[in-house]
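Take a look at the following structure, please.
Just so it is clear, A, B, C and D label the chains in written order, and each chain counts residues from 1 on its own.
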Amino acid sequence: MSDLLFFFEVTLAGLGSGALLSLTALAFVLIYKATRVINLAVGEMLMLGGYLFFAFAAGFGLPAWAAIPLAIAGGGLVGAVVERGLIRPMLGESPIAVFMVTIGLGSILVGLVELIWGTDPRALPAFMGNTPIFIGEAYVSRKIAIAFAVAAVVIAVFLVLFRYWRGGVALRATATDQAAAYSCGINVPGVFSLAWVIGCGTAAGAGVLLGSIGGISPAMGVFGLSALVVVIVGGLDSVAGALVGGLVIGLIEAWAGTYLGGEFKLVTTFGLLLVALMIRPYGLFGTTEIERL
Amino acid sequence: MLSFTRRTLLALSASAAIATALPAAAADDIVIGGSIPLTGVFAFAGVGIEAGMQDYIKIVNEAGGLQGRKLRLAYEDTGYKVDASVAAFNKLTSQNTIHLYYGDSTGFAKTINGELDRMGTTIMAGASFATELNDPKAFQYQFMAGPDYSEMTGILLEYIAKEKPGARIVLVNSDTEFGRDPIAATKARASELGLEVVEEIITPPTAVDVSTEVLKLRRARPDYTIFHGYVLAPLPEFMTQAKQLGLETKFMGTFWSMDASIWSKVGEAADGFMGVMPYRYYYDEADNAPMLDRIREMRPEYQSTPYMQGFLTAMLFTEAAKRTLEAGQELNAPNLKAALNSIENFDTGGIIGVPISIPGNSIPVGRIYRYDASAQQMLPASDWISVQE
Amino acid sequence: MTGALDSGATGAARLEVEDLSLSFGGLKALRGVSFSAEPGSITALIGPNGAGKTSMFNCISGFYKPQKGSVRFDGRDVTRMHPPERAALGFARTFQNIALFRGMTVLDNIKLGRHAHMKTGLLQALAYWGPAQREEMELRAEVERRIIDFLEIDHIRNMPVAALSYGLQKRVELARALAMRPRILLLDEPVAGMNREETEDMARFILDVKEEWGTTILMVEHDMGMVMDISDHVVVLNFGEVIARGLPHEVQADPHVTEAYLGSGDPAALMARLKGETGTTGNSGAPTDDRREDVA
Amino acid sequence: MKIGTAKHSYQADEALLTTRPQRLWMGLFALGLCIAPFMLDNYWLYLACLVAINVASATGLNILTGYTGLVSLGQAAFMAVGAYTVGWMQLRLGTPFLLNIVAGGIVAAAVGLLVGLPSLRVKGLYLAIATIAASIILHFVFVNWQSVTNGNSGLTLTPATFLGTPLTDYKQLYFVFVPITALMVLGAANLFRTRVGRAFIAIRDRDISAEVLGISLLRYKLTSFAISSFYAGVAGGMWAYFFRVVTPESFPFVYSIFFLAAIIVGGMGTILGAILGAVFMTLVPELLRFGIDWLTPVLPNAAAMLSPVRTIVFGLLIVGFLIFEPKGLAEIVQRTRRYFHLWPFKK
């Protein structure tokens, strides 16, 4: 097998996992854009999505087409509850305080999942089929290909919604200037809730994809850290940044993991993050603005 | 602050005393202490270990105990965190006289061994089969109820060398202390046996997507792939993708990924997974395995491999204590360890298929099992292999 | 070190601004501004909103780097100096929207002003030992004697600043600036948002500072009554240029100035302001330039 | 209100403990600390040592985050630097215990200085994320710099020797750790009586105006990082002598979150806050252990709930304090004090 083909395959695999990162990063971006909150619990929301799917599909025996929307809706519901219960009382507090609230939230979610489902890693019921996909001679894991397709469609849908849908416009308006959005009759608290619902739902959906690839465990929220790198590199408030950033990080992780070794994956990503912070603190596509305490 | 602490302490220790007094603890009980991970990433192991130890203790106590003294397990959950394990150790040893202790992780074993040397009262076994601990000089009061990790891969290599001389091997290890433990020894042993290690893959401990690693595997075209440092994930994904790609490689693992019930949840993809196992499985129908009969009698449903590990550890603890007491010696670390090391050609009641000896800190025997998805069981694929020198 | 502490004012300094130009992108905030503040005098910088007064102040204290021109302090060119270095030379300022440190008491805020003139190092600070303790004690004594009594804020010295009224906060800011041992004191709208009584108090304090401390004072102020009352010299800016300068009554009579003000807002109010009515800058206490201040 | 006339001198007014009851309580507390080791069993001594270590590190983080306003999620990584330094010196050089601990602090401070560099360019959340990145890079170094760190297996230390006595049991360690921590807390308290501490607070409250008032942001932000890391390094050094095994997994990321949680719960920007927070957050999980003991007769599988419940309680404490008591336990203590001041026989 030629080295070039191998490189090509690795690159495809990197793009595939990069798409998952993009999707998760999208959850960060949606919430940040509307509410200026970095939700560090996105990783845990993702894990929760995986477990909800597990509960519906394996516990209640529902077919995948029913269990997936239910898991996403469940994630969205949790998002709504969190926004009303934990985030809204923190309105006007320093961004760091809200950030810490989401860290606490992550801990609570992990504990709840452990309490309900235990700590053993589990496999999700298979629903993606098994036939391998070949692009030319290059092999692509079917799950990864599906994840890529789903992520691409979802992000495209979001880009369109932002532009044309009323809710999307309201969200952008709120992101630009909350006070002005208020005075234009936009229901700003409603937009906040909406962003959390959609953001957490997206994360839950990403969790289903991720879980079907690698299984689920209470520790899978760590994936959120890599997605955090994506949003910092891409820009916290940029959907396009999440997309490009995810693919870039996915590729770099795949190349680093292959040619340097698996232990280099994370350190390469975070090294890159430091460089990005020093050169372009607001990300490749982010709005030029430095967060103030 | 201090008065708070002290008052709480008094209240708590009083009530704790009441609580522990409930199961009629006698002063001369022989207490086995335990830092056991009932929760956290290693909970599946801890739950089995606890049950196995309790069951063996019950068997001994029903037979009248040791010279009339009852055995008792005093344990705490650790969540598989070293500091929690140390806290549990300190709490338990403050409240009880403990000569036998079960610890949950390599880090904990290394941390506490200094303390054991100083105390000189207690020997320890545990869930860690770390190669480093298998050194009677550095860890004089430590032992493990099975082969260390390097011995485990040694057994696998022994098997491979017999099945397919000159086979190509890929090692897949997680980037943790646990995962990296046997790499060097495995490579050395493989070259001794004329096997070729064609690729080493290190995965991050939390890897969920293994596509690039599978590509590496595909390029290396091994006959055997040996995993170490995992319980389950990401092994099924490796195997599924390898099957999709039509790879011929046989997948192998070590003790902690050998439980049949875990693999039964994976389904068809698990078929053919092999690995080294020092104990018999719950359902093994072997002659002269009275202890397995006894276990099946006590527990009608399947018991995990960690259960067997806990059961055997309790058995060896008991044997060491018994030999010490029978020799009329004081229960302390040097005597207990000497008694343990005097175990030779010992019959474990069939838990291990061959008589065992413990000249050092480990029991370097094991057997290759292969998972049969249709039977949902691990079935023996070799005879018992000993790598004792 | 002890010597340094005694010399609360080591003499008033002369400030010269020469041909200063500053622009943000295409926007020209200052175009070739020149003026000077004479030692021991009060110079007022006035002009309508957006005339460039705060930009001027920010250039003088070192926030903004002007593209052209120079700032000279007693003949020394300080245009390229960082703000902390200027502070060490004797630049002290107050802010348009109060910039007190809300997490500290009044006393600590004032003490903070002395920062640049103190020498305690990190290790001494950790040990609070010998020189460090001595230095703190001397500072405390001097702050009590020369500033707290002087500005009549004894009763609030241990209060957190957040609990104070607007007028008192302004006074504490002045106190902090005085603790900086100013050789030139830059006051950015010292009486903005104050009622008449508070304004009069503040005007008196500023005059007292000039007389007792002999410090050069440069202030930006909208309250024309006060400007005319206490300034020795007035410089008028409009659209980033100096349109008039001179003694208060000369400037007051200058037709350019009237025109500049009339062109920029409600004529009646502005006329009233020119005539010296007070309280015209609004009393919200949160002047409009909030964001600019933050970027600064 | 403390009026000048009530004090004989500014010195008395500037003292750390200004009222007689304060001095009395502190005296009692110190006395308690001295006799505690003779009253406590091994388990509580173990916890006392752990509390001392955590208080030292939390106090350091409080200087950086609570007082200077720079959020760090890398405190555990700095502790690891200290721990490795101490381990390496103990094993390779055999230098004396105190020297090793101080060296651990200094090396950690140097690393902290480096990690603090992004703080000149990014603030707030971005800085927090930069410190996460730094922790991950440090972890990688610990795993891969075999010759110094011994890789994944880590360093196994011999006990510290102090004045010729090997420090093997917790009582001995207690008598070394508690004074070290007390000194460090005192140092932190002193810091905020001087211009250095005031500069930190000024940077937190309004860094831009701080600069005009003569405070060099570059210098003081980095100083704050260095002190905070020094505290972490010393705490990590004590940790190394305490557990005697230092591996890359000894200082996980959640340990950094633990310290941030400790100062949030205790009260940011107060000396007392870091102490209370570290004590509270160290002891709460242990108290839950006793709760499980009580529950076990009623709820047979209670033990299996301990770890998830701890995780949940940890999160709830962070969230609850941020929402309901953002100034933390220290504020509760202050309120209680004020309440008792209303008593007729106050002071």
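The criterion applied here is as follows: a residue touches a chain if its C-beta (ideal position, glycine included) is under 8 Å from a C-beta of that chain, and two chains touch if they have at least 3 such contacts.
Since the structure is predicted, the reported quantities are computational estimates derived from the model, not experimental observations.
A centroid comparison over C-alpha atoms places C as the chain most distant from subunit B.
Our note on geometry: subunit B versus subunit C, Cα centroid distance of 74 Å, whole angstroms. Chain centres here are Cα means. That of subunit A falls 50 Å from that of subunit C.
With centres taken as mean Cα positions, subunit B sits 37 Å from subunit A. In terms of their C-alpha centroids, the spacing between subunit C and subunit D amounts to 40 Å. Multi-chain contact residues, meaning those touching two or more other chains, occur in subunit D at positions 143, 204, 305, 307-308, 310.
Multi-chain contact residues of subunit B, defined as those touching 2 or more other chains: 39-40, 43, 175. Subunit C has residues 294 in contact with two or more other chains. If you sketch which chains touch which, the pattern fits none of the simple shapes: not an open path, not a single ring, not a star, and not all-to-all.
Contact annotation for chain pairs lists A-B, A-D, B-D, C-D, with touch applied as defined. Taken together, the subunit D residues at the contact with subunit C in this complex read 1-2, 4, 10-11, 13-14, 187-188, 190-191, 193-199, 201-202, 204-206, 208-216, 223, 227, 269. Interface residues of subunit D facing subunit A in the complex, by the touch rule stated above, are 69, 71, 118, 121-126, 128-130, 132-134, 136-137, 139-140, 143-144, 204, 257, 260-261, 264, 305, 307-319, 322-323, 326. Subunit B makes touch with subunit A in their complex at residues 39-44, 175, 201-204, 206-216, 218-219, 231-234, 236-237, 240-241, 243-245, 262, 265-267.
Residues 61-63, 82-84, 87-88, 91, 93, 95, 99, 101-104, 108, 111-118, 120-122, 124-128, 132, 135-137, 140-141, 144, 154, 158, 176, 180, 294, 296 of subunit C are the ones that touch subunit D when the two sit in their complex. Partner subunit D is touched in their complex by these residues of subunit B: 1-3, 5-6, 8-9, 12-13, 15-16, 19-20, 22, 38-40, 43, 47, 76-77, 79, 82-84, 86-87, 90-91, 93-95, 107, 110-111, 114-115, 118, 132, 175-177, 179-181.
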